[in-house]
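Heads up, the next two complexes both have subunit A, just with different partners, subunit B and then subunit C.
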Partner chain A sequence: MTAPLLSVRNLGRKFVQKPSAVAVAASLLTTGKRPVQKAVRAVNDISFDLGPGEALGLVGESGCGKSTVARLITGLITPDQGAITYKGETLAAMARKDRLKIQMVFQDPLGSLDPRMRLGDQIAEGVRVHNIVPAAELKDYLAGIFADCGIDPVLAQRYPHQVSGGQRQRFGIARALAMKPDLVICDEPVAALDVSIQAQVINLLARLRRERGLSYIFISHDLNVVRHLCDRVAVMYLGKLIEIGDAAEVLSDPRHPYTSALGDAAPRVTLDAQEFRAIKGEIPSPLNPPKGCFFNPRCSLATDLCRSEAPELRDLGARKVACHTPL
Partner chain B sequence: MSGNIPVTKPPFSQTPMGELVSDFTANPFAVLGFFGLLAVIICAIFAPYIAPQNPYDLMTLDFMDGNLPPGSTGGMGQVFMLGTDDQGRDVWSSILYGLRTSLAVGAASAFIAFGIGCIVGLIAAYAGGLTDTLIMRLVELQLSFPAILIAMILVAVLGQGTDKIILALVAVQWAYYARTIRGLALVEKGREYIEATHVLGFSHFRIVLRHLLPNCIPPLIVIVTMQVASAIALEATLSFLGIGLPLTEPSLGQQIANGYGYMQAGRYWLSIFPGVALLFTIVSLNLVGDHLRDILNPKTRRQ
Partner chain C sequence: MLLEIKNLEVVFPMRQGDLRVLHGIDLAVEKGEILGLVGESGSGKSVLSKAVMGLLAKPGRASGGEILFQGQDLLKADAKALRSLRGNRIAMIFQDPMATLNPVLRIDAQMLEAVQGHRKMPSAEARRLCIEALRKVGIPAPEERFLNYPHQLSGGMRQRIAIATALLNDPDLILADEATTALDVTIQAQILSEMKALCRESGTALVWVTHDLAVVSGIADRIAVMYAGRIVECGPTQEVLSRPKHPYTQGLLDSVPSAAQRGQDLRQIPGLMPSPSALPPGCAFNPRCLRAKEACRSNQPVMTQTPTGAFACFNPLSEGDRA
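Up next is the complex of A and B:
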């Protein structure tokens, strides 16, 4: 692989639930000790590389830390462990101007667009503020962006609540695209849309990537979408990366029991009546993760080793898997 | 894709402002309040043209017209609709001029307090942490004292004068705005569109002024109307207590206070009519504010 565009090394972020002053006082009075701070390791020791023009799918159940990874890479939150380097530079040390090359498309287009600003102004604002194009060319530039994203320019005069969900998400994509990014983080960009609209938006994202050579980190829990759009896929479970490799390979022939279970749980179109196989058990509380491999309470292949020692991410052919008993 | 969408701007009724107007006019009381308020404002602005006499130009007063009940005819053949005081001053004219002072003082102090409160509240919400804690403790300290007490102390220290009264009212009211806008801004700050502005690399200044503030303003319009009303009432109270505006700029409160002494003597019109004018103004403001609050609250807003 050529030099990676984005390189994530041992990334970690925990969220601490600070006890209230009253709880601290109560605990001090009754036991004489400060209460134990509860911490959630939302992202735990994650490493991966992303090449230029590559699309990486990030999949996993709700609450497994996918969105936290997205927010770490866009700089919305800071990591407390590890580092992210973009084109060889540490993200934390980069100037804001260079960070603009990493843009984000949010899950909820209604929530992520300013409700009191006309859509067109929102797309133009970033371009204007950062002088992405000379002021004289702004109008033509925006017209080009709208055309690329399949947006009727008339809608630019409207407010977010006055256009349909699919159109809104096109504006969300246009806003990111107008900043001339190299890397776009898509945080479940179609999860809030109707199925009929989802395909349109996904095809739009695929076309934009082709035409502009964009890199994507595509967060989703829809494995079919990831298979369609991504070169590689990374599977997360409870803040950890458990399997990463070529998208088609990983999804059609999973080696980690969890990836396999995820694939089984995804609905498929077949003529036969099919049994829906849900992954047994609930996702464990991230406040109190199980000992050993985090997946062991739900895994049919779990051994004593799985219950005592957490597996490392190891090379297994062309991919990496964190499992003591890979399939 | 969307060829059937006409190439025009959305009609006024579809803009946020247009929706607001149509929702507002749906309630007759709100419309009533609005026109009442409009009438009061017009009376206040055009007082010199509407009032039959200038009550503060002694040349126009005639002692012979003193203490006339409402509806009397004066020595020059003029009709005193609401009667006169002991110096022959037309009560109706006094009310018009008094409205002027009351409204100006109320509106000026509410808007200055609004400005200060907005800045302080936004800083507290956006900065968070220690800044937030310090500012909000100060606000709570301020709010824990009765408004009238703070105003009285300030007037006692600063002395009388229109500017000092406005200062006292601002000092009393800024904390309400600061607390309200902080709460609103905290909610908005957590929304995704503010996150999006961070990803777009905007300055804090731009994020707060262009994105955070506009989204906090609508509920604040309500607070402003309510606070104008309470500023007017507070000013009237101070004037009634004799520590309000100077005698050269009599407000409604002062007129009520002046007439109060004559109530026992049966000259009810000196106090009652300015009181009714004050009541009318405050009720109008509250009707407008109340209904604005209802239609701006998504939960009570009709769809």
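Up next is the complex of A and C:
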């Protein structure tokens, strides 16, 4: 790989659960001490690189911290551990203008678009505020973006609630593209869409990447979509990275028992009587993660070592796996 | 036949006149059968399941046809008769368990009501029945969970409770409307395998309503595909998935990314599903269909019976088209 576009080192972020006033009072009255604050390590010591033009899939169950990683990289929240460097510069020290090169597409375009502003104006606003193109060229520039995203220009005059979900997501993508980004972070961009519309948006994202040389961090719980769009895939579990490597290899020949279980659980259109091989149990509460490897209570291969010591992410051939007993 | 829907029409009265959202639905479910009802949003699949339950949102109403459940027409049944069927002989599981469960009542109160509302039973016995049902759907420590409020449980747990409640009275038919759509794939896999086993064991018929063909491919005996308020194709799961006749079914199958197409464009269905107030003339799918002929743009195709199923298309896919 050439110099990475984005490099994430030992990234961590904690969220502290503030005890309620009642809990504080109760604790003071009974023990005379303030209650212990519970903290969730939403993202725990994560490192990876992303090359220019590369697409990295980030998968895991809800609550595994994948969206927090996205928010950390876009700078929407700050890390309390580790560093993110973009083109060799740390994110915290970057000028605002350079930060525009990292854009985000959200899952729910209805939540990320202003309901009281015409769609076209919303896209134009960012371009104008950040002087992406001279004012005289604004109109042509937007027309070009709309054409690229397969948006009928007539729809630009409408409000978000007046267009379909698929069209709204196209506007969500157009808004990110209008900033001329190098890196687009897509947080479940097709999860809320119908199957036939999903295919349209997936094709659009693939084409934009080809034509503009974009890098993607593609967050999804749908392994089929990730395998289709991404070069590499990173699997997260309870805030930790547990396996990372070439997307086709990791998904067809997983080495971490969790990756394997995730693949087995994903429904596929098959003609054989499909037995859903389910992982036992649910993802543990991040407030109270199990000792040792976080996956051990659900893992059929867990040993005593797994129950006492958390595995490090180690090189295993071309990929990295955090497991004491890899498959 | 356990459930037989004949020529069902559902309309929503609007100022401009009645808006028809279901057009002549014919569907039958046998005892113990698992039927996958597949369609995208707006296809009418939820309206259909609600019509069977007699839960159509006012002012929506069935304007024609029959829904025969064990020979009794549910559309003609009075409120009292429906009440004794619902939750008893026919149960429904909704997408969002938080909307099914009452947030201010504990699980025990809600489940006991479902039992004792339909039959006289001493509380201790009803309690045992409920806890047994919770254990069956794989809830750990059911005695403790039984005393929790819904907000104290995870989404997967809540959906299991909704399923356990549906199973309480040993219904003959369960309607599950996108019951696992909001859950993680791992939890979805658990619930699907449990539902399948439970239905097989008790001989309960199940109608699994979903937009996800992959989900039904693993669970259903038969599949019915809906588009714009009509059933466009139905048949045995294997048959529909391996040899779809309707171009829409084929389009849905092609839209799912598979390992083989990695890096290539997916074959997408162009355009959008039409709104029920602006259906195109002829076959509702014709503006999005690459196989549309002249007849498709002017006439409504009727269901053509095949040895195993049926489809509504003037220009169905044949063996040669799929090669």
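Criterion: the second predicted complex is superposed on the first by the 325 of 327 C-alpha atoms of A that agree within 3 Å, B and C clash if a C-alpha of one lies under 4 Å from a C-alpha of the other, contacts with A are read in each partner's own complex, and residues count from 1 in each chain.
Quick note on the criterion: contacts are C-beta pairs under 8 Å (C-beta built on N, C-alpha and C of every residue); 3 or more make two chains touch, one makes a residue touch a chain.
Since the model is a prediction, treat every value here as computed from it, not as a measurement.
The superposed arrangement places subunit B and subunit C next to each other on subunit A without a clash.
Contacts of A:K101 after superposition on the shared chain: neither subunit B nor subunit C is touched.
The wider contact with subunit A, measured as residues touched, comes from C rather than the other of subunit B and subunit C. Remark: in the superposition on chain A the angle formed at subunit A by the CA centres of subunit B and subunit C amounts to 80 degrees, rounded in steps of 10. With both structures placed on the common chain, the touch criterion links A:R175 to subunit B but leaves subunit C unconnected.
In the superposed pair of complexes, A:E282 makes contact with subunit C only, with no contact to subunit B.
In the superposition on chain A, contact is made by A:N203 with subunit C only, not with subunit B. When both complexes are overlaid on chain A, the residue A:D114 reaches subunit B alone and has no touch with subunit C. By the document's definition of touching, of the two partners only subunit C reaches A:G166; subunit B does not. Once the two complexes are overlaid on the shared chain, A:L262 sits against subunit C while remaining clear of subunit B. After superposing the two complexes on their shared chain, the closest approach between C-alpha atoms of subunit B and subunit C is 6 Å. Within the complex, the subunit A residues that touch subunit C are 61-62, 164-166, 194-200, 202-203, 206-207, 221, 223-225, 227-229, 248, 251-252, 261-262, 264-271, 273-279, 281-283. Across the complex, subunit A is touched by residues 1-2, 5-10, 14-16, 191-193, 195-202, 206, 210-211, 214-215 of subunit B. Interface residues of subunit A, counted against subunit B in their complex, comprise 71, 74-76, 96-97, 99-100, 102-104, 106-108, 111-117, 125-126, 129-130, 150, 152, 154-155, 157-159, 162, 175, 179.
By the touch criterion given at the top, residues 40-41, 140, 154, 156-157, 184-190, 192-193, 196, 211-215, 217-218, 238, 241-242, 251-259, 261-263, 265-270, 272-273 of subunit C touch subunit A in their complex.
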